[in-house]
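Following this line, the structures themselves.
You will see chain A twice below: alongside chain B first, and alongside chain C after that.
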Partner chain A sequence: MAAAIAGRLTAAHVLEYPYRRSVGPVLGAFFTGLTERRVTGVKARDGRILVPPVEYDPDTGEAISEMVEVGPGGVVTTWAWVEKPRRKHPLDRPFAWALIRLDGAGSAMLHVVDAGSAAAMETGMRVRPRWKDEPEGNIRDIVCFEPE
Partner chain B sequence: MSAVTSILTPIRLDYTYTAGRATQRFLLGMAEGRILGQRCPQCTKVYVPPRGACPQCGVPTTDEVEVSGKGTVTTFCIVRIPSDVLSVPPPFTCAHVLLDGADLPFFALIQECEFDAVRMGMRVEAVWAPPAELAPTFESIRYFRPLDEPDAAYETYKEHL
Partner chain C sequence: MARREVAIVGFAQSASVRRETALNEVEMLMPILGEAKAQAGLRGPEIGFTVSGSCDYLAGQPFAFVSALDAVGAWPPIAESHVEMDGAWALYEAWVKLQTGEADSALVYAFGKSSMGDLPEVLTLQLDPYTAAPLWPDAIALAALQARAYLEKTGRSERDLAAVAVRSRRAAAANPKAQVRTTADVETLLATPYLASPLRAHDCPPISDGCAALVLACGEAVRRSAMPPVWIRGIDHRIEAHALGVRDLAASPSTRLAGEKAGATPGGVDLAELHAPFTHQELILRDALGLGADVDVNPSGGALAANPMMVAGLIRIGEAAARLAAGAGRRALAHATSGPCLQQNLVCVLERD
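Coming up: the complex of A and B.
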């Protein structure tokens, strides 16, 4: 629908692709774990636990599928503060994007930290997940991480 | 909960479309039940809807032209899957209609005939919304319907395919 605003015609235009993606057995196990409030990774050939899991070993290319539970707490390895969240950001108040290495994991996972202010953020700080009331099997089942 | 086998990963872009000068003239014409185009001052082609410039000559098209609601089907497509945009039950037929006086075919839904009766050269006319429902939108033309006229000769529209 078009509407005249200050003499100039404008209209809302939405471009949307409602994709549904098949996740396969490895990522499927990760997302299923989230519904049970568990974070799982996959064991690589060198023994590292990769979180979130990948289907193939990053060094050898072999298929890997041995799932291992990690966390729930972890350590912030790096972060960036967002002072003014945008409409589609996961939190509606200032937050940090952060890479978080969960306890037992050999890789860090991108998520958000609800710390209140940038002054409360520090590389190496410990955080724990805050879960959604009714997990659905996607990454937003973890609402955010918060300082331990 | 049972095993998760898929996740939704929607991609959504929210735009505010702002009509430029030429498109604004065209849309305001729609609200009056008129089809407005613009003529190129160099090659004299008439563009409907106008975009403000001639893509061939690269010059502004400042000369406004009103064109007829009657035209000729240059090409068409039978649609057999439902559309979110067109609320017509499939199968239905969409066509490019070369309006009389225009040099650029115009997208059109063809109704009031069997979907498989639409053909190249068929003569059609615009069916407008009732006056109270005319608005600055393409939807002011509800659809095109067949005219009781002989088909146009191929030579009259072959340059516009």
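Coming up: the complex of A and C.
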């Protein structure tokens, strides 16, 4: 870059937050579960299992931490078809964004469905996760969901 | 403590453009701030409180908002604040400040140059950093999930969404500050491809650079204004859960509650400016606020015609006030939103004497 124009001073501008963060006991349990190809949620005060889990009840604000396994299959509650994926999207071919309520869960999680075409998608369809070969403990351990 | 009556006494906005290449934020703001203050009849040193709304992520620099203070002049020292939110929430802070009695006038401004980055990716950074952002869902994808949930729940169609776009663009044709002012009909729009089904380009807002400023006053300070005062009769804002999957995306309970708290009685307004960046969101907001066919919604063209980030909500309040001041009605509702899929909502009820 500096060689482009002789005599012009240039400097790289890298925007980053180089912190290490702990994900804590609730998300930590969720991500640990993913390394074992298990999906877990947290039990809210009203009995719903929230997936992905949150540390505080969305209605009452109370701390919650009881983890319950759900899925791994589930139902699409809404979806959006992307014909031309953006460069950072999880799949490089046409796919669907979806909210997916896993079996036993009381909330839906955001992920993508590799269904081939929009014609294969519908609200209420069943899907199951496709796992990464070597899960690392993050949300991308689920590569995508696929029709059951 | 009795509530102090607060009036909007000045409002100005830049034209919204896809890419402002000649001016930086300070240069964009200076004439707009001058215009709003001149309407209010107040000079800079007379203003008791100054507050801005903007987002450092648009500039890609921490504390980028501080440099915008050059546009207001912060020496000798002024009482000043900033919210990393749309300017509508800066206006809320100013309203609270005036309620304390510590100031009798306030200057509110907002600015956003989205063209400096890749806006759909920048907006991803407002999501949960562990379970959502690593998938890089963009703003249009999330809005499309909400649109389908709404259409399937209500039985409304993509044609209904296109009708919102057509009406919005036709209204914008009379607004020199708006960016999308074409007059395509529903059939033409429905023949275009999806960006993320069920949303097409006309269902989504343009990417805009722009800014706006608004002046509030109480008591004697109101009399200095060149524009007829427009009174803020009620203002309230409410927020929903951060996690998309625990919300009912087809409705907007936070807007409904904010509307109730702000005193926006159904049918009780002549016009409404709704901050609905996506076509289906206008329909969701109309439902939540009980706005009937008799209410003139988004006579400015709304955010579908001009959507400077962090500014479009404040513009809704300013547009509604300016229209009342010009005699277009006696009572108006203005709404602003923030976050994905109408997560947070502010409702403001305005009246002229």
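Here, the second predicted complex is superposed on the first by the 128 of 148 C-alpha atoms of A that agree within 3 Å, B and C clash if a C-alpha of one lies under 4 Å from a C-alpha of the other, contacts with A are read in each partner's own complex, and residues count from 1 in each chain.
Criterion: a contact is a pair of C-beta atoms (placed from the backbone, for glycine too) under 8 Å apart; a residue touches a chain by one contact, two chains touch by 3 or more.
Computed from a prediction, not measured in an experiment: that's the story for all the values here.
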item	value
First (chain B), second (chain C), both or neither touched by A:Leu15	both
Of chain C and chain B, partner touching more chain A residues	C
Partner chain(s) touched by A:Asn138 [first = chain B, second = chain C, both, neither]	both
First, second, both or neither for A:Thr32, with chain B first and chain C second	first
Touched partner set for A:Val23, first chain B, second chain C, both or neither	both
Intersection of the chain A residues that touch chain B with those that touch chain C	13, 15, 23, 31, 138
Touching residues on chain A, where the partner in the complex is chain C	13, 15, 23, 27, 30-31, 50-52, 54, 58, 77-83, 86, 88-90, 97-99, 101, 107-112, 118, 123, 138-140
Of chain A, residues touching chain B in the complex	1-2, 4, 8-23, 28-29, 31-32, 34-36, 135, 137-138
For the chain C and chain A complex, residues of the former touching the latter	60-61, 120-121, 124, 128, 130-132, 134-138, 141-142, 144-149, 152, 193-194, 196-199, 241, 243-246, 249
Contact set on chain B toward chain A in their complex	1, 3-19, 23-24, 27-28, 135-137
